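For reference, the structures are reproduced in the following blocks.
You will see two complexes here that share chain A, one where it goes with chain B and one where it goes with chain C.
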Partner chain A sequence: MSLPKTSLWDIVKKQFRFKLKSYRGMFTSLMMLQIIGILFSLGGEGGGGGGSDSFSYEMKYYSGSFILAFLMIWAFLSAIIVTTQAYRFDDYAFVANRMSSNLANILFLGWASIIGGVTFLLASQSLKLSVLILQEQDYIVSQRLSMLQMAEGLVGIILYLFLFTALGYLVGMLVQRNKIFIILLPALLFGSLFISVFFANESTLLIDVGRIFVKETSFLLFLLKVLFASTVAFGSAIFLSDNLEVRK
Partner chain B sequence: MLKFNKVTKIYGKKKVLDELTFSIGENKITGLIGRNGAGKTTMLQIAAGFIRESSGEVRVFGESPFNNLSVSANMVMVDNDMNLPASLSLDELLDSAASFYPNWDMKLARNLMSYFRLDLKQHHTGLSKGMKNTFHAILGLASRCPLTIFDEPTNGMDAGVRKDFYRALLKDYLANPRTIIISSHHLNEVEDLLEDILVLKDGRQLLHMTVEDMREYAVIVSGRDDMLNDWLSGHELFHRNSTDFGKSYALIRNNLSEGQITSAMNKGLKFSTISNEDLCLYLTSQEKGGIDDVFTKN
Partner chain C sequence: MSLIILLFILLLAFIGLANFSGRFTSPRFLSGSSTTKMFTVYIIVLLCTASLSFVVPKGESYQGDYLTEQEMLQNERLNSDIYSIVESGKIEEANGLSKKKSWEFPIEGEELNIESKSSNAMVFIEKVKSIEDKIEVTHYSTFSYVDNIDITDRFTSPEVELIETTLKILPQDHVNIQLVKYTKAFPFTQFAEDGEQFNRRNGMMQGLDFIYIKVPGKMEVSGEGYVVNE
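And then the complex of A and B:
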């Protein structure tokens, strides 16, 4: 008896829809993190003040950096969670093979990055509103963005989040492949910090890596860099997962 | 349909499957019988494509099942520790299953759910062991896959649910024939619905025959020790046991001629039949003397 060929893409789509439902807990944690992020940001990030006999002024600087930092950690950790055994085995409850499972995961993480990016924009708006309502102030000056800048910012954040999910996915797969990476990876990370501090008085390795993305002024180049890096990370993760058992 | 050719699976140093060779035809219900550790689950997991064989050749629908999407789409394996996402209710799990399996029968699934009193709003993690396995069994039945594997599906179910489940299985099989493999410790529970029986021992195939053939396969001879000993030489002996008062019995291969039977009758030996369940127990027992020997050695 020969089988009707099953289309990979068809199964990936089904798995993606399945994951949207079954991984919804991730979006609850996203909401919680953003609320915490907003609360942290309400303290302001800097400011100053001054005055004379007759008047005084105070200023505070608010930004969504906290929220963004939380989001990046969320993206990284969510991707790691997706690679854990329990989540991987969930896929095989129904129809799956490794490739379909990996592709559906990447699709899902992409989707999660988009949700993360859009909700970040909303959260930073809520931050502005909260400051307006909660703090006693007379002026609020905020940067006005054109639609294009706004769109670029949104896509930029989504790309950053996607990059972090790709990193998390690779780290997660490394750990699944061999548990020694649980120790090895943090050791390498902190070790590189300490060693570069020891020799050069300033930690540079991580910053240098970060600069590749952060200092990029051309949006198109940034896009290409992120896509390239994520492809490499996801690709290596898929390669690594090839030696894992399908399901016990 | 399902073919194993000299399949070996090694975990560490232990050979769980040892050059296992058999094939199962299309649209048959086969029972997989064996003691704990005989390699039943390993064999099923290899057939389902979850784990890879160490050596040998496995063919399901003519393809190697490991990590194979087409095989996965046409196969469902129901076992005790199915991984199902904790975040979904049973209802959502049924919907998800329906989206994956083209032959899924939602009406059957829902009817079985209400018959077995499973609450659709409940979550998988909140179910008792028996309820969980009932739910898994419903998934297995309703997905109507060309290859359906049940690995000890009735663990934890109460007697009533077991009976109902097997009856549902048989009814659905008759209406929609497909290849079904059931592994079980309790042969007499499943015997009525099986066509073939495959018995594993130590990772090898011990027997593979129809249920009817198996009933004729062996016979018990009993009588006085000395008479039995004389008569037994030349027969294929599966099991031998002495009871008190100089009487003993033996389980032998049933390939006797008329002459052999009459000569045995003349010596005062008696013949009796053995149930398939007991036969499997004797055939797969590890120790020659059975559990009694453990105590007599002390």
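And then the complex of A and C:
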């Protein structure tokens, strides 16, 4: 009598399918955050005005930036939630190891990023429709997206979300490894922000790191940067997860 | 229609919130069977509204032309030179000026007083020997734009009237522009070939207004205005 051999990839696929079903609630939070983002955006994201004796102007700008900001937070927090003990213990329903569990999580987060990116594109277009209908002003201008811009932008958003899930996953694993990171990481984040506010001209590490991605105008280089950073973050998280305590 | 959409969004938010609060208190926040249905409905709504945003282009029409970066730079250059050209009496040679309205008034005598109540129109007077018993008034202006949209046509000409020997230039109507702009979200402009992300310019300029008055050569002019050939 012999036991059937199962490959790592088969286990990962099974776990991924399981996670698609059991983590459906993640998409509810995505939906809610997008709706909140749309509602926030309806108030306008910026504007200005001015004038003289004979002339005055008021400008109001709209875009999907609020929705995107909410999505990034969603991606980051969702990845952290996936690393929590309760979710890791779900994987014990399968004959699996930490590697397969991590790979299935990465696949799921990648899938969630794609869903997030596509729904963002749709949500931002819905916001545009609301703006066009709700506003009754002299001039309503809408910048049209070319197909190339739409395609590059969509992949760009998915990559940003994937990067945030990678960061969230690493942060989650760090916290699981040692609870001191619950205090240490926010302290580093807010400390860095306070430094940049107090010393307005001083650049901080956090902002500089962000610029590496945000200022990149070459799509290929941006893709490589995100994939490299995500690989490093997920790789570190996998390494950290090997040292986590086992289920008793 | 707009109210219905808003109410629908609020309804979705309410359903989502109700579901969220239920899930949040349950032992498994990230699970549930009704979530798939709700998310599917959400996707369908998004698909419908997003499709509509492409189908309804009427709302995004605007009553004006977009000026390019080059056109705006050229207008700014012309604006800086135009005053000296008009001051030297060569208004016909000035580039970037558009003639908006003309008036012609018969006048008797050789005296003219000019009263201008327009705060932004500059008044220039040219004495022309070939003109007799009349004065010719022309309103010129340069381009005006807000956020790269040409709004020159929104500015009306001032009312001009001649009462005996006094030419009155009344103030122009106040122009108020309310602009709503839906811009592309950040990642859609990040990879723009023309560097749109960093070099986008939102030009705003109120054009110059000139009231150019041609009077008979022997006329004595007093009041507000600069005589270009005296």
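The criterion applied here is as follows: the second predicted complex is superposed on the first by the 219 of 248 C-alpha atoms of A that agree within 3 Å, B and C clash if a C-alpha of one lies under 4 Å from a C-alpha of the other, contacts with A are read in each partner's own complex, and residues count from 1 in each chain.
Operating definition for what follows: a residue touches a chain if its C-beta (ideal position, glycine included) is under 8 Å from a C-beta of that chain, and two chains touch if they have at least 3 such contacts.
Fair warning: this is a prediction, and the values are worked out from it, not measured in the lab.
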Contacts of A:M32 with chain B and chain C, given as first, second, both or neither: second
Touching partner for A:T6 - first (chain B), second (chain C), both, neither: first
First (chain B), second (chain C), both or neither touched by A:R98: first
Contacts of A:V209 with chain B and chain C, given as first, second, both or neither: neither
First, second, both or neither for A:V232, with chain B first and chain C second: neither
Partner chain(s) touched by A:S22 [first = chain B, second = chain C, both, neither]: both
Chain B versus chain C as contact partner of A:L224, first or second or both or neither: neither
First, second, both or neither for A:L185, with chain B first and chain C second: neither
Partner touching more residues of chain A, whether chain B or chain C: C
Touching partner for A:I73 - first (chain B), second (chain C), both, neither: neither
Set intersection of chain A contacts, chain C complex versus chain B complex: 22-25, 86
Of all residues in chain C, those that touch chain A in their complex: 1-2, 5-6, 9-10, 12-13, 16-17, 19-20, 23, 28-32, 35-36, 38-39, 42-43, 45-47, 49-50, 52-54, 56, 59-64, 118-120, 144, 146-147, 149, 155, 171-192, 195, 197, 204, 206
Residue ranges of chain A in contact with chain C within the complex: 22-29, 31-32, 35-36, 38-39, 42, 50-65, 67-68, 81, 86-87, 119, 121-135, 137-143, 145, 149-150, 152-153, 156-157, 160, 214, 216-219, 222
Chain B-touching residues of chain A, taken from the complex the two chains share: 1-6, 8, 11, 14, 17-18, 21-25, 86, 89-90, 92-100, 245-248
Of chain B, residues touching chain A in the complex: 1, 26, 45, 49-52, 61-63, 66-74, 82-85, 87-88, 92, 96-97, 99-101, 146
